[in-house]
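Presented sequentially are two complexes of subunit A, the first with subunit B as partner and the second with subunit C.
Moving on to the complex of A and B:
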């Protein structure tokens, strides 16, 4: 209620992720010294690679854009208590649908752009909704169905761009669509820099989601469903409706992640361009790190993106290999999951104490 | 003579909080000592210190005149102290025998000797007249049987002092009778029993000595023959309890009308079997029954949480069957659920969020789908004041409230809807006497206001105190409906067990 306690609460919620980051960096330090480089210097190079000058900052933000959106989408699902593991497939389907809409919907550039955004959102959303519907209708576990549907989505998108919609004009004949008309591109935020309008969309969405989750009745229903589905049902919340809505928006926003990548930086759908950098899994990590708080997810996503762009800078300028970033990320994942297990362990321990050591 | 067990001036501090303040108890051989007190009075803390689960801040434990110190439960068990916990700790896939001998298995050539184990258990069971089937799987045993396994386990470990923590909370009335007999028999055999409870009638039946705790202090140490339930209650609560006086029957029109309700007709045994029941305005109808006879399903059917096969449920003019929970609540139903942690709250949600359930849909607190928290917070603060709910703030997690305080929050929330009809299922389960009184008064006030209440409780005393009419449920049917003035604990017990009380009820019960 009063500001001081709010602040305390905020700080307390930050302790765990910050500890995870710190331990991640320490482990990274150990790895760097094993390689034989100077820890401080390497980290300095890494920092410069992520935030060293304006160009690098915008590169980091550009990389963070799809990660933020993925993280936000997952945060909704997690809040509703469902484990959507299908962000990758939802993102890819969104991307390919957006590319095709931008290519083939007739009209001016702005119409193409808007229809691409809508198509990307709908494709991701409906794909995710399919898993939600199977859960509510046939009790097919979401965790598994979303995970498996990833393969279907990624392979189907790959088929689309390697056969019916492939751009055969180039000499190499890559699996990709034609290039989108420049009028339909999402504008860059700064001349010559890679960060584009998609970043603004992601940040605005993070704020909107924060407000919805915290202050509206829809957000309340989602949170209560996630906390305790029985309580939600008892209180008159339509469980199925809220779950389906959550899944739809969760997937839709993941689809949007793919869409803004297509419209803002690739200008076409290229097979593998979204899956190889592992956006979906980094986004998952961001959501977990931030405990599904939308604003926190955005911050965590930028941080993780910085780790990746920083590592690229490090590789350019030192002998230390890029994989150090993976080490740090790996440790981060470990400690984020440790948070979950720790909570679980604490509960167990408490229960054990009460019942004695029989 | 020296006492078998003495705990002298035991004090336990958690930070500034005094959980136990110089508490002393004495226990002789063959004696039953009851430790009574409200939730949070310090009974559990005291027993945890005795069982080696907590280290006292100060104080002394003496066994047979010798000072002892336990660093853990194993120490305590070795010294002949055994504890039967409220929640059983059994391996449900293991046999009764295996569960009893676990940790001290008889061995032959280094291998577990099942045959000898079973014989030992059988002998023990006969010696103490505690009946179990040694070869049955623990998971297949009834709650009462499981408790007997726990008691035998403690005896097998050689306990002379047996702590029973709220042993009757989970039992049916008949099982309670049996347990009380067992306790008496064990005492006659020279065992010393410590009975932790807040059910005073049971205390009066079996114990010799009674120690009353309140807020961590001993408020009374009395012998059974020198006291009565009223005095104990006063010592526990710190003030005199008001007697719920006789009341006038109110003549109200029918409010909730259930007609020929069926659930689970395709099962071997239907869950609800042609059930009809009416609750009038200004009336509390109590449902008595051993749990598992369809009460939960009935409540769920009325509140829209469970589909019915056939029949109809009406609230006033509104038909409820087949409607959504939100529709039914809107039509005038509030519902204190039987399990507060499963249905009634979300542990991770704050006090405010738990209270908000249902209200967030109301116009008063909802402005174009944004929740108006300021007005709502005022309402919740009112509940907290009226029901003396102990919480540090509205942002406290519900799971951090004690069971009784959470229950009060849920009761306040449901009463706050001011609906015509209320389902009150186990409204005071696990709640201390003081809170129980509040809740009972609130329910009666609602009745006097002309609203209808369906009360479901496994506590016969609660049913008898509150209800105007009492319906007894057995195997999904209402076997009889008694008037307040005709109902006694004995008559209800017989009906609850499926017995035919008199000729008139044979028509409604079919012989199974």
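Moving on to the complex of A and C:
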């Protein structure tokens, strides 16, 4: 009985996102037929672009890496009931701090790498903590302050790499730092493939977060604050402390997302390399899709990354434009929290009850 | 170069009109208890539809109407998700932003067969309106005259919205829905109708904001041309506590800071720091509003907690 209920619960939690995925794919199909291509064939090309061979799979996982980390960071904040919209700024500050730490901290490669990871985490975490502090101390609404701090962070990072720390050695004067010493790079998982150690870090972190949120008292406090702040306070939870901790780790992990991108794939901070692909927003969508469950967030992030790499493959091989992916993503998110399936579920349940009574 | 001269203020007025229009639309939604994060997408939809309307009709008036219509269609989709399907409005709003960004870029390829930007030299932009009497007054004339009609409509919309909220019965009902939806429903108010009405009106306002963007200064559409203006409008709305006059004030503040940041670039300051100015000033301004924060939560704005 208990197992059956658990299974039902699992099914119920899956029905919602799956319906959204279906609606998203249908909308994509409409868009594809508008440009006059074959729907099935296009989706086939898209699938191949994401998972077609080992190289494409690793490319998808490499793209998923920062998205997973951003999603995990946001999942912590969402679980605590705070709407952190500042992942982009936290990620960028983390990335630029990590690049500078890896460049200027003296020592061997491993020390450089570790100090870069710490610097990236701290930069993102402290930036996020600033917004949390303004909320708890001065009641400045976090939703707006994090949004505004994004612009400040991205512009500040842009200043750092266009003036004091710019790499002027190349022929083109790009806004970027010098290249990091090879000894400090995060190793690739497979020779010649783009997926790197950061992916392992992201997955391990997802599992750790799942365990912390699910089984520890700290995780319970965070969840309780999100479910019902008044009850949490009544139950003796220090609301301010939990909120500040959640914000610090939320931003820190977002900073880590930028850090592993720098250490594992770019090997320097290039202006726009993290903001243009929209990692922060995709990570936000992954957390929303999975309802802030850390393991689910990782799965959703890989799925969204696959949609994007698949769309790139599609654009290379067909006439269908890349933007189909953002249309599908948009529709998917639009319907993911909609209560369509709940109605369907209730109707079914009622029918079952009547059946049982008869 | 003077730091503050007349052209500084005229450029500020021009810059704030899309933000003001969208922020007023957002305020309408906030006042019926729906926090609309999708302003960015709605403006973009308006900007794109306005260009499509302009290209096919050749008439600026039709273009503006098509722009408003395009934005209304998207906002109805938002309403369907947020009201009918009870989706989380913040999630739905973020989805709308993404959807429109994809749809407009896709539309550029599907309709005009271009990538990145669309421009046609035969397209006509919004006319500049010279107001007969005011035009003649020395300083004020230069400041207030010669803007596109949508700039005047933006300020007019602020005043009209104020009258609507505080001087009409329907406006009073809208405020009631925002204060307490359940109570309003129990009194027999048609909450859902009012909510859809607010969302459609928000669509129209955002459509006009988009039309001002794509037909105002230069007549063209570029991918993602809103460049965060929807989020700035959101900030202006929250800073103005969803009060029409407050929003006019906060939009003015933002426009002035934006103009100042461009002007300061002439004074050998790194552009990144001058560009930060509007955002930092807005954050500072929020500190001074802290006491009224509790009030704004009552007015139907969703707090972060």
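Quick notes on this one:
Throughout what follows, the second predicted complex is superposed on the first by the 333 of 358 C-alpha atoms of A that agree within 3 Å, B and C clash if a C-alpha of one lies under 4 Å from a C-alpha of the other, contacts with A are read in each partner's own complex, and residues count from 1 in each chain.
Here is the rule we go by: a residue touches a chain if its C-beta (ideal position, glycine included) is under 8 Å from a C-beta of that chain, and two chains touch if they have at least 3 such contacts.
Because the structure is predicted, anything quoted here is derived from the model rather than measured.
Using the contact criterion defined above for the overlaid structures, shared-chain residue A:234 touches subunit B, although it does not reach subunit C. By the touch criterion stated above, A:324 is placed in contact with subunit C alone, subunit B being left untouched.
In the superposition on chain A, A:223 contacts subunit B only, with no contact to subunit C. Judged by the number of subunit A residues each one touches, C leads among subunit B and subunit C. Overlaid on A, the two complexes show subunit B and subunit C touching no common residue of subunit A.
Within the complex, the subunit C residues that touch subunit A are 77, 81, 85-88, 90-92, 94-103, 105-106, 109-110, 115, 228, 231, 234-235, 238-239, 270, 272-273, 275-276, 279-280, 282-283, 286-287, 290, 293-294, 302-305. Residues of subunit A that touch subunit C in their complex: 31, 34-35, 81-83, 134-135, 138-145, 147-149, 151-152, 155-156, 158-159, 162-163, 229, 281, 284-285, 288, 321, 323-340. Remark: subunit A residues 1, 5, 9, 215-218, 220, 223-224, 227-228, 230-238, 353-358 touch subunit B in the complex. Remark: subunit B residues 51, 53, 72-74, 83, 85, 87, 89, 153, 303, 305, 324-326, 328-330, 335, 337, 342-349, 353-354, 356-358, 360-361, 366, 369-371, 373, 393-395 touch subunit A in the complex.
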